[in-house]
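Submitted below is the structure of interest, expressed as structure tokens.
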Amino acid sequence: SSANIDLDRSSRCGYPEVIYCEGKTSTALVEIFTLLLESKQRCLGTRISEEQAETVLKQFPQAIYNQVARTIRIPEKDAAFDEELTKGKITVLTAGTSDRPVAEEAMETLIWMGYEPDLIVDVGVAGPHRLIEQLPRIQNVSAIIVAAGMEGALPSVVGGWVSCPVIAVPTSVGYGASLGGLTALLGMLNSCAANVTVVNINAGFKAGFIAGLIADQQRSSSES
Amino acid sequence: SSANIDLDRSSRCGYPEVIYCEGKTSTALVEIFTLLLESKQRCLGTRISEEQAETVLKQFPQAIYNQVARTIRIPEKDAAFDEELTKGKITVLTAGTSDRPVAEEAMETLIWMGYEPDLIVDVGVAGPHRLIEQLPRIQNVSAIIVAAGMEGALPSVVGGWVSCPVIAVPTSVGYGASLGGLTALLGMLNSCAANVTVVNINAGFKAGFIAGLIADQQRSSSES
Amino acid sequence: SSANIDLDRSSRCGYPEVIYCEGKTSTALVEIFTLLLESKQRCLGTRISEEQAETVLKQFPQAIYNQVARTIRIPEKDAAFDEELTKGKITVLTAGTSDRPVAEEAMETLIWMGYEPDLIVDVGVAGPHRLIEQLPRIQNVSAIIVAAGMEGALPSVVGGWVSCPVIAVPTSVGYGASLGGLTALLGMLNSCAANVTVVNINAGFKAGFIAGLIADQQRSSSES
Amino acid sequence: SSANIDLDRSSRCGYPEVIYCEGKTSTALVEIFTLLLESKQRCLGTRISEEQAETVLKQFPQAIYNQVARTIRIPEKDAAFDEELTKGKITVLTAGTSDRPVAEEAMETLIWMGYEPDLIVDVGVAGPHRLIEQLPRIQNVSAIIVAAGMEGALPSVVGGWVSCPVIAVPTSVGYGASLGGLTALLGMLNSCAANVTVVNINAGFKAGFIAGLIADQQRSSSES
Amino acid sequence: SSANIDLDRSSRCGYPEVIYCEGKTSTALVEIFTLLLESKQRCLGTRISEEQAETVLKQFPQAIYNQVARTIRIPEKDAAFDEELTKGKITVLTAGTSDRPVAEEAMETLIWMGYEPDLIVDVGVAGPHRLIEQLPRIQNVSAIIVAAGMEGALPSVVGGWVSCPVIAVPTSVGYGASLGGLTALLGMLNSCAANVTVVNINAGFKAGFIAGLIADQQRSSSES
Amino acid sequence: SSANIDLDRSSRCGYPEVIYCEGKTSTALVEIFTLLLESKQRCLGTRISEEQAETVLKQFPQAIYNQVARTIRIPEKDAAFDEELTKGKITVLTAGTSDRPVAEEAMETLIWMGYEPDLIVDVGVAGPHRLIEQLPRIQNVSAIIVAAGMEGALPSVVGGWVSCPVIAVPTSVGYGASLGGLTALLGMLNSCAANVTVVNINAGFKAGFIAGLIADQQRSSSES
Amino acid sequence: SSANIDLDRSSRCGYPEVIYCEGKTSTALVEIFTLLLESKQRCLGTRISEEQAETVLKQFPQAIYNQVARTIRIPEKDAAFDEELTKGKITVLTAGTSDRPVAEEAMETLIWMGYEPDLIVDVGVAGPHRLIEQLPRIQNVSAIIVAAGMEGALPSVVGGWVSCPVIAVPTSVGYGASLGGLTALLGMLNSCAANVTVVNINAGFKAGFIAGLIADQQRSSSES
Amino acid sequence: SSANIDLDRSSRCGYPEVIYCEGKTSTALVEIFTLLLESKQRCLGTRISEEQAETVLKQFPQAIYNQVARTIRIPEKDAAFDEELTKGKITVLTAGTSDRPVAEEAMETLIWMGYEPDLIVDVGVAGPHRLIEQLPRIQNVSAIIVAAGMEGALPSVVGGWVSCPVIAVPTSVGYGASLGGLTALLGMLNSCAANVTVVNINAGFKAGFIAGLIADQQRSSSES
């Protein structure tokens, strides 16, 4: 087989390997998901195309496909996927409406990790009152994800209001000197707010994963 | 002579040629300023070094040297430089305390143009209440200059609160991926606020000059 | 709803939120425009595709679609859009004929703000007499917009002839080392003319908006 | 005063404003620290020069200066700074010995936040057994900081072995195409390990702050 | 003719000129291959499109086309191409499954040079045990090729385990700040492992060719 | 010896090898010049430091050192260097006064080639009448060199007025986004004037050499 | 009309304005060519698409369209275009076969200027004897154009053999770190051969035009 | 101790860990070398400063310091360092005289590995006959190192003449658009010669190490 799935990742890293679908054949995807499910791992595929999703859905009708997020989730064979999700720990914000797909990828990742994130869209800095109105929804959580394109200023502003880590995801929204998201990325890395950390351009999956791991600190400690 | 001063600029562009002192000998500077004063032009020198300033001050004791701004101003021979300045038209803001020299260069340029700008420092986005407290000082002016380094987010936030043009000046304050001010520059160019326009990194002179020209629209129209 | 329109922007910033259409569904656009019109705001949409424009026009037949500019304007319900436009305040120049779409976007923005700008195309520096012939049309205005690609030299040359702010818009016209407009952008930021300020690549909307705000300084003062 | 310290930050963000010393006069620093201490905030200064530190130490002999980290800490007036530190939550790793100063800045930040981090240096990937030997020290913590220059590969490798967030700090260690840390930064942003998040080049302070906030999730929940 | 094939290359450089097919007409390719075969050179074409391959295959049915690698090989007229290949000298590794095409191009090049390389796919650093399991297959060869995208960390890790040259090939696999392979390229150039050398992005052909030349050192010396 | 001077260059390329002095010891320079003079070649050294020049002058008192240009010229042993120079063929222009050193390097190169160039300084585009006044001095020559920093617009404007090649030399004059001359370089490469060709940043030597070779076309043809 | 053709260019610059067809409607092209022909100027259009060429050819059947070069030439109404071309003055070289279109654009430009250039293709440095064989064809001309992609080394090598200016045209041929021609461009600007000057990436037209102007120096002087 | 030397490297990678001296204290260096010598490893230190070298030499008078190369070598306690070196396997070339230090670093590395490389300096492409004269010294070796700055064309030309791997080392020699060696690096990565592989800018050590490993293929096979 051309793939060499890391079936042991769950035991080392807490969660199974997530499948990056870009550049894989649909057949390969079905093979990989079968393998993961057989070893009782819950599956997440990212950057899946409509065409790939169709083939996977045919084989696994229980799969949940999110077209905007370009993700697919498959519950493990013997487990109900609709187990109770942990609420109130994580908020996902977007600066504009076009940053939505990146936010959705983060959301799907978090649901796969067992969280139900709160979503607030279109609260960019040009309309400053919009964020102020939402402060109660961001001031008592474990982690906040902020997706923003163009100049990527929102994470700094959010960072100034909260005491938890802010995971900034630059998006490729914008034109000209936005350089496909590089401008937002550089801006976020230079945030004057000390609580802002950054992931790759459009990396909703990574932002979600980090946010989930942060919330895990509390979930696991409150569990023990 | 090695310089070819544009003595006609004042009649075409409203203000005399400003002297960029970097890379000129002190002797050349004295020559140039003498020429300008002889043709009854008020002088402004930018990016002047301490050493250059000393020589110029020896020759023109009436000159006003601002070490932080690295500027020198000399009133024309027959005119009092302390003519009445126009107040209340322009506000200069800085995000941090290190952006001060750039703000000072803008201020000196404006004074040379006959304006008395208002200055507000250190109102960066990580402490959001600081700007809100100053809103009255920025909501009734003709133009606002915002100097900011690092991610350069302040102009966007200011832009969201006002109805006049915001001239954003990126500064080279920051480190690492701030790339000597390029990150702030790119961010400002991609501002989601529609009223933000941008000048070169550390170009306090240009920001001041543009702001002055904008305020001139009203000054001249109210004069007529 | 997925959008969170800033209906209060007009009172803070003088003009309503302008809708960036790229990446929004046609349905979302209709929703947004309905909302704006209901709150008696005049609508401007930028970067609209032909397909989006068609849907919007079906719903709002009074809308004015400019295919070259990729803009759509909709007069507010109770107001005639053809109110008298303020003339003689703003000139829009292009260096070449291919910079036209960017100039058109600036023009549409200005019309939406109540101005009737003057347009002069194809006066690039390689044929220097062409600009000289037009000097009377650029020397008595409040603001000049200059759209240029390739090396972006025209704003500097224009700046040398006038006493009002020059808003330079780099365009992506060119090839090879023009780097999609970055070369023109960098050139304009380094203009040796002190009255040149810069907006993002192809940002005709922003150039128009800033020019309008500058002209407003005089319009409002002459009104009062 | 030229600074406008955000005395309210502690209540919004959990910790007081940290002072970026670069570009501030020693007098300004003493002023700022006095202000912070008067409002009962514990002080941290970063990027402090030897000369600045000397002046500050003269005024506040209780201050703790770390020359390698370029930091200074001052306990609040009425509190003992040597309160008990929380152990066992955070590990700081470096790829090489030259990444040490960045690691030290992170350590000092964490001590200021009340944590006693574990430090492991010089476990870069070219000697792979070195990391393996230290696995027990990185597999039961809340957060791991990894400082690495050159190609910045260590965070990915660490990420493959742990279930907590890995905060990657690129350093400017290297030459030629290391581009002052940009290469390490880009590499870390593209890490194939899903649990890696990134801060600015040489930003030991930020890495420490984020790690502290993550550990806070557990500390506060176990406190309640 | 528009091409000027270097028929003498084999005598100077050990192997005939390889044909870069991109941007050549199918007719030109047939002409070139005919010429090479006539002068008794074995042919290799790289970056061949499906359409080009079809035409070439029609003319030379004995040609071996690899669609994934985008290569075509044609044995010289009088020689059996299936001469015995030298085994056990070279291993080709990939970090992920999407790096496969680049690895295939290297493999095809090596087969054309008379080597039978060993292939190991999908042993990226996020699943560290996968490489460890394969150590015996990489520790007794003359040269190792490592194809990796994203942060390109695998060559450094491999370099830490072996005593032969490691030829690193950055691939364009990744998104956002992977910059089409530039990030992996820069990382590999800065590898902290001393035995890593680098070729162009996606340059499987070059990696294969260099590896073959290295193995030739031993093959030829053991032959003599 | 550590240098391997190309004594044959004069016969192949028309002029002897020019010595790039940067990074060579003064002893090496004396050795090299001795060698050149012995083979009856006239010497030109570029980028020479004051210290290097001193040593060379001690050995060859007939040498002509230009401190601003950072060049040294030595007439061949048996020839008078003050042979008659060809006039009226080449004009050198600068945009600002700080571009002078680059212009001087071009001038020295041309004198070494036997030309007496005409020099016009400080005719940048912000004062457009200055160039117009000089048109007669640029419209009847074989080649024009234009040195300019900042946005580098002058070559395009000059190109619009003349029928000979314009050799544009970007200089590193400027700050911020001038990127050490890259902005001027990119601008010149994208000149909308068809007669503009470009050399490296600050490469006065190359500009002079090319201009001389162009003028040679006419000198040699008129000689024959 | 949307274009403002510079009909006076011929008198100032020796040749009429050349039409850059990209981004112009076919109707606009016909209009422009009609205008030029009416004022008795010979037309050259560059970067013309097949579709645009078709329309133009319908209107001007005497036009000469070169599909590879993407150019169109139209003789002036009353003149025979097949006037005698000047031979033996200019040679055009390419490094590879894929650089041909750029060479063709240069050739067409030269024919339009009245020259018949000599063409030598595919003499790149990897097969060094190929250039040596052609030395007689490059050592007695007025100017040499060298089109090369990838590392762009050929102009330096050619420069080492000749005494006339070498106009280097970087092409976008290559992949990966060739960066669309930027690598070749940068290499050529840094050529260690003093007689190499550079134009924009793929700028065959500019290379041809400069070469023609250089040859003009001799043609005009031999004419007078 | 702050360093964690990889004493096992020799057994895994064939040679001991080499010490990168930049950023280490002289005390640390002495400690590290003592440790290496105690475990019977031969020491090599690179990028050592004069000051560091002095301290090390005081402690280990048998050390061999090369100031140009910035390296230090120390024979292991019980072994004679002057064991017989393997000759005739490796040639080191430089394009100019300023590339010498990088070549020296490669040479020192090779001597430490037991090789006596052949050195040829200043055979850059602008004087093409110089390389041709040296062909016999480069056509029968196992590996060739080519150090070149500016446009970095020499490796491609060398590659066209030989049948062994060419290891290209870009140097930071040059100015302006040489971008500190990036131009040479990019050029070498895009070499049209198939046998060219590349290391980091100024990385003489790496080039030497790879060349040594390649020659080892033959040395070890001829030994067995």
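Worth pointing out:
So that you can tell them apart, the chains are marked A, B, C, D, E, F, G and H in the order they are listed, and the count of residues begins at 1 in each.
The criterion applied here is as follows: a residue touches a chain if its C-beta (ideal position, glycine included) is under 8 Å from a C-beta of that chain, and two chains touch if they have at least 3 such contacts.
From a predicted model like this one, the values you see are computed outputs, not experimental measurements.
The fewest steps needed to get from chain A to chain D, moving only between touching chains, is 1. Repeated interface, listed pairs A-E, F-H or B-C, reference A-D: B-C, with more than half of the contact pairs matching by residue number. Homomeric contact chain A/chain E: same residue numbering on both sides for under half of the interface positions. With respect to chain F, maximal separation of chain centres occurs for A (centres as means of Cα atoms). Note: the chain lying farthest from chain G is D, by mean C-alpha position. One inter-chain figure worth recording: chain E and chain G are separated by 37 Å, centre to centre, where each centre is the mean of the chain's CA atoms.
In terms of their C-alpha centroids, the spacing between chain B and chain G amounts to 46 Å.
Within chain D, residues 9, 96, 126-127, 159-161, 176-178, 182, 185, 189-190, 193-194, 200 each touch two or more of the remaining chains. Of all possible chain pairs, the ones that touch are A-B, A-C, A-D, A-E, B-C, B-D, B-F, C-F, C-G, D-E, D-H, E-G, E-H, F-G, F-H, G-H. Every residue of chain B that touches chain D in the complex is listed here, in rising order: 96-98, 100, 121-123, 126-127, 129-130, 173, 175-178. Across the complex, chain G meets chain C through its residues 2-6, 8-9, 17, 20, 22-24, 28, 47, 170, 172, 180-182, 185, 200-203. Within the complex, the chain F residues that touch chain G are 9, 12-15, 18, 142, 159-165, 167, 185, 189-190, 194-200, 205-206, 209-210, 213-218, 220-222. On the side of chain C, the complex with chain F involves touching residues 95-96, 124-128, 150-153, 156-157, 159-161, 174, 176-179, 182-184, 186-194.
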